[in-house]
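What follows is a set of structures to go through.
You will see chain A twice below: alongside chain B first, and alongside chain C after that.
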Partner chain A sequence: MSLFKVDGYALTWRLPLLVWQSIFFIGPLVFMVAITFFLVKNYRMREAFEMINWIKMLSRGYFWDSYFLTLWLATLSTLTATIVAFPASYALAFKASATVRRWAVFFLIIPFFTSYLVRTFSWYVILAEHGAINAVLSWFGLGPFTMLNTPFATIIGYMTLCLPLVVVLQTLSLANVDKNLIEAAWNLGAGWMRTVFGVIVPLAKTGLIIGAVICFILSYGDFVAPYYLGGSKPPTLSILIIDTTKSGQQWPRAAVVAVMMMATLISVAFTAVYLAYRRK
Partner chain B sequence: MNTRIDKLITAGLILYVVAVFIFVFAPIITSMIFSFNSDRFASIPLGSFTLHWYETVYNDPDVWDAVQTSIIVAVSVGILSTFIGFCTAYTDYRYSFRFKNGYLVLALLPPTIPLIIIALAMLAWFARIGASGQIWSVVIAHTVLCSPFAMAVIRLRLQQIDLDLEPAAWNLGASEWVAMRYVIVPFCKPAIVAAMCLTMAVSFDEFVVAWFVSGLNKTVPVIILEILQGNVDPQINAIGTFVFVTSMTLVVIAQLLVTLRSPKRSST
Partner chain C sequence: MAEAQIVFENVVKRFGSVLAVERANFKVHAGEFLGIMGSSGCGKTTILRMLAGLETPTEGEIRLNGMRLNEIKPADRNTPMVWQNLALFPFLSVRQNVEFGLKTRGIASDERKKRAMQWLDRMEIAELSERQIHQLSGGQKQRVALARALVTEPPVLLLDEPLSALDANLVIRMQGVLTRLQKQLGITFIYVTHSQSEAFAMTDRVIIMSKGRIEQIATAQEVFRRPANRFVAEFVGSNNILDGRVTAIEDGSIVVDTNIGAVTVVVSQNDDFKVDDHVEMVISADKIELSSQPTGSTNEFRCSLISEEFIGSIIGLLVETTNGFEIKIQKPHHELELHNLTEVGTLWFSWNLDTPYLLPRDA
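After this line comes the complex of A and B, so read on.
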């Protein structure tokens, strides 16, 4: 076979992805980096190569407030989801039959296909001053508590988004842990805590970290929970992008925020992958 | 071992799982309940049963336009992204080549990037190439987001195929195209339909990118977002319930197709 023979059949299957994702995925992302150097005059973007957008955004205190707030909220969300999900995933992986586990996973995937906006609005109703939780608490003479417009409500929103997915990923990775090794740990006299944290967690490490990373990415980019439940004071980076884009057509400055978000996410993801696949 | 403590722990874990499921489903069930509740401002105790919000939604031409747009977008996205997903899955199944890892990264990367970033990038890019604010702007953007899901579903199906099946067809004189038509495609059919349902459901629900690039061609979730931004009213629950039923129908069909084993394997 000649080295330069064109295999039409192979190319037919290979090209659609390459063409589509280059033009409509890589293209936009590269262009977004380019427009961080563009200028806006009279509400129109003009090609240029200026650092002004970077200087304007990165020298503002409010940008860094948002930056660290977003980082903090996403971290908090990741820790909460990982810790809250673990006992449930543990139970589904080790205490439930395969059939129950399959159904549980199926039911946990359902929320992924229901409107996240509507679910957030429901939490708004549940957590409100005269909402369901305060109504129940008032029967016991408690409250009312202010829950909306607090970081607590933001985290509830993030959990709505992430928790089902994290439970699914943790359950699948825990279910793959070799039961013989757990048995062996028991037989060798390891206690409950020691078996879980010394044997099971290290064996399921990759899946647990992947769940955490996905939760981090979702929370980091979400604007619905911090805006509608958290009150957006100060705004997170995603809200900053929306405000900057929609008011005043400042796309270049919004792009600066987006590029900063990407850089942060890439570093977090690489660190996590390194931790997940590192050998002891 | 102390079996009583063991039993207590197990019982505690079961309760815990139930609590997690309550947390996950509370907002979904709440919105369904409130969609039939007469009070304009949601509060406890509930008002009386009403279909008022469904009537409001039913009589709102904006919602009908949005439903129409959403359906056109979802169907187009389903077809396009399933086609791209199939091509990619088959390439991954059949070939190995230089830069294949890069190829797969390109195929699976989109869901790992926050939607708000993709939305901004697409908005700027579409404005640049003169494709902004059209109904097919949303189609293009959603196809980028959905094809990885289609690829994953179909790739899983190809995992189950007997590796000798395709070469056997070639040996019997079938060309590669004929083998594709009569061996691979029939084998993948349930996964192809499942991938279509799944990608349609994802597209039907996506609002961040749609909000940025749709212009005046609003989809249903974009309408929901706008109601949330303006005068919040219980219509939202009625629309949400409608979206939920639509997406769930698609997901259940997909799930059934993936899990049910087809009685006859590759019939031809």
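After this line comes the complex of A and C, so read on.
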């Protein structure tokens, strides 16, 4: 028995994915890690193996400001999306007919047909000082409120990106919950709250966590919402990458930021998937 | 006399245009083991679900201990159910599953644990208390489901085909467990099943349903020997049903012209037959005598054997009369062996004058 026995059939089917992942994910990732040790002289990148980029970036307060801001915004976005989506998903999964649910999922996918940038700019018009919301509020003698260039606007942008997706994922996982178990909970005296949080949520756990983690990943890496709606002060990590490459062609230092982002995302995603599929 | 524990009064249930339960009227007494039997889609599960509050009756009233249940939410009735697929919570351990009904009633953790363990012990699975559900066998899951339902000490336990997923061996064992449990606890069991053997083996009374209608409510014995109508007679499966016309009325008996010939039947004084009346008579397969020689008795017919079916110690025989009509006969194995009956080409079957049961004519 050989440990390296090759199953030709399985390999044939897996090969396209392996090749794709190697060329477009693992290869660039290795290259990006390598770049973090390169040096920039006279605006040109030189191959080297120096720790200077890591030391410079990780010792700067602005890096950590951005790091924790990004982490906080992505977490807030994940919580907001999960909480806001849940009642809608619950209603679609349990109160709507199968036909309504199919149409709803379809309409939730439609926004993805348009460019995210366009959707973000439409919020610009709505949230601006003389935008739609303030115009309506002024009829009641309220406002104007500053909404653009605030974390609030960033979260609005993130919701544009994530919310439909989270609703779809939550709906699909909730709709798959065994109705018998819900009835069993009622039958054993569970009220609405206990049924939802003690039975339905644990049963739909996998889908709910996957929805949340996708929202986290999208928000964490997004630069459109924090840049155009949030005002990028302080910048999130993705904006910091842009700023760093622009100032003095510091690709190696941008790569340090990118590697830190990857490491964070991988650990968050790994923990989430572990929690999602954990079977006691 | 005190009212029965459970009362269904003119209960109707419609799902859209589908009539699931048509005017159900029956009473269940405290401590009774009631079976509800019928083929799938006959409305038996709907009756159970209405009792648990999982369906609301379209019309009529359901009462438990004199209290109207219709508007009471399922969570506020103490009518636990054992489900066909058991519906155990996969994310909870065995003990946590059993504790669930106590937790919803706000019972403290220590007390919950104590009572759950008592029930697991009673179901002989105390050692499995910390296991996860997916680690259990079918029979063990069954016991968890029972413990979970009974831990709140309900006045009535609802069982929805709980044994249908088990293999034959285990079914017999669980029947024993259920019957014993019901006797010990003295609470009402309402048991929905499509299996006649389960219903007849365990219950005090059975409700036979068809297409949403209650066809008969009686003891197993009565359903078997005195079916209320043709549906029940056929449903029981081991009955021969002969259609016929009364041709002569003698003192205390009538002669009926049937598909297989003239049959003489003893009738009671209450039966008021006239010549030319249409009658349906039921003859139980196990009450038919079989011999290799004509015996000269009144209701005797010649036949030939078509097939035999081994049902444990009983053999089910299918014979054909000279005019091509098929008759079911059941005989103990040893009796057939004794007379070598299945080796003979031509046979005679007969029954006593009082064997045929005449179906009520208004049915």
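Basically, the second predicted complex is superposed on the first by the 256 of 280 C-alpha atoms of A that agree within 3 Å, B and C clash if a C-alpha of one lies under 4 Å from a C-alpha of the other, contacts with A are read in each partner's own complex, and residues count from 1 in each chain.
The rule we apply is simple: contacts are C-beta pairs under 8 Å (C-beta built on N, C-alpha and C of every residue); 3 or more make two chains touch, one makes a residue touch a chain.
Just so you know, these numbers come straight off a predicted model, no measurement behind them.
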Which of chain B and chain C A:L142 touches, first, second, both or neither: neither
Looking at the overlay, does A:L181 come into contact with chain B only (first), chain C only (second), both, or neither? second
Once the shared chain is lined up, is A:A263 touching chain B (first), chain C (second), both, or neither of them? neither
State whether A:G189 touches chain B only (first), chain C only (second), both chains, or neither. second
Could you tell me if A:I55 is touching chain B, chain C, both of them or neither one (first, second, both, neither)? neither
With both complexes overlaid on chain A, does A:F24 touch chain B (first), chain C (second), both or neither? first
A:Y228 contacts which: chain B (first), chain C (second), both, neither? first
Of chain B and chain C, which one contacts the greater number of residues in chain A? B
Go through the superposed model and pick first if A:Y220 touches only chain B, second if only chain C, both, or neither. first
Just which bits of chain A does chain B share with chain C as contact spots? 186
In their complex, what parts of chain A are in touch with chain B? 9-10, 12-18, 20-21, 24-29, 31-32, 35, 45, 84-85, 87-88, 90-92, 95, 104, 106-111, 113-126, 128, 130-132, 135-136, 159-160, 163-164, 167, 186, 192, 217-218, 220-223, 228, 238, 241-242, 245, 251, 254-255, 258, 261-262, 265, 269
Give the list of chain B residues in touch with chain A in this complex. 1, 9-10, 13-14, 16-17, 20-21, 23-28, 30-31, 34, 42-45, 83-84, 87-88, 90-91, 94-95, 103, 106-107, 109-110, 112-118, 120-128, 140-141, 143-144, 147, 176-177, 201-202, 205, 207-208, 212, 221, 224-225, 228, 232, 236-237, 239-240, 243-244, 247-248, 250-251, 255
For the complex, give me every residue of chain C touching chain A. 52-54, 73-76, 78-81, 83, 85, 87, 89-91, 93, 100-101, 104-105, 132, 134, 148-149, 152
Quick check on the complex: what are the chain A residues that touch chain C? 178, 180-181, 183-191, 194, 199, 202-203, 205, 279-280
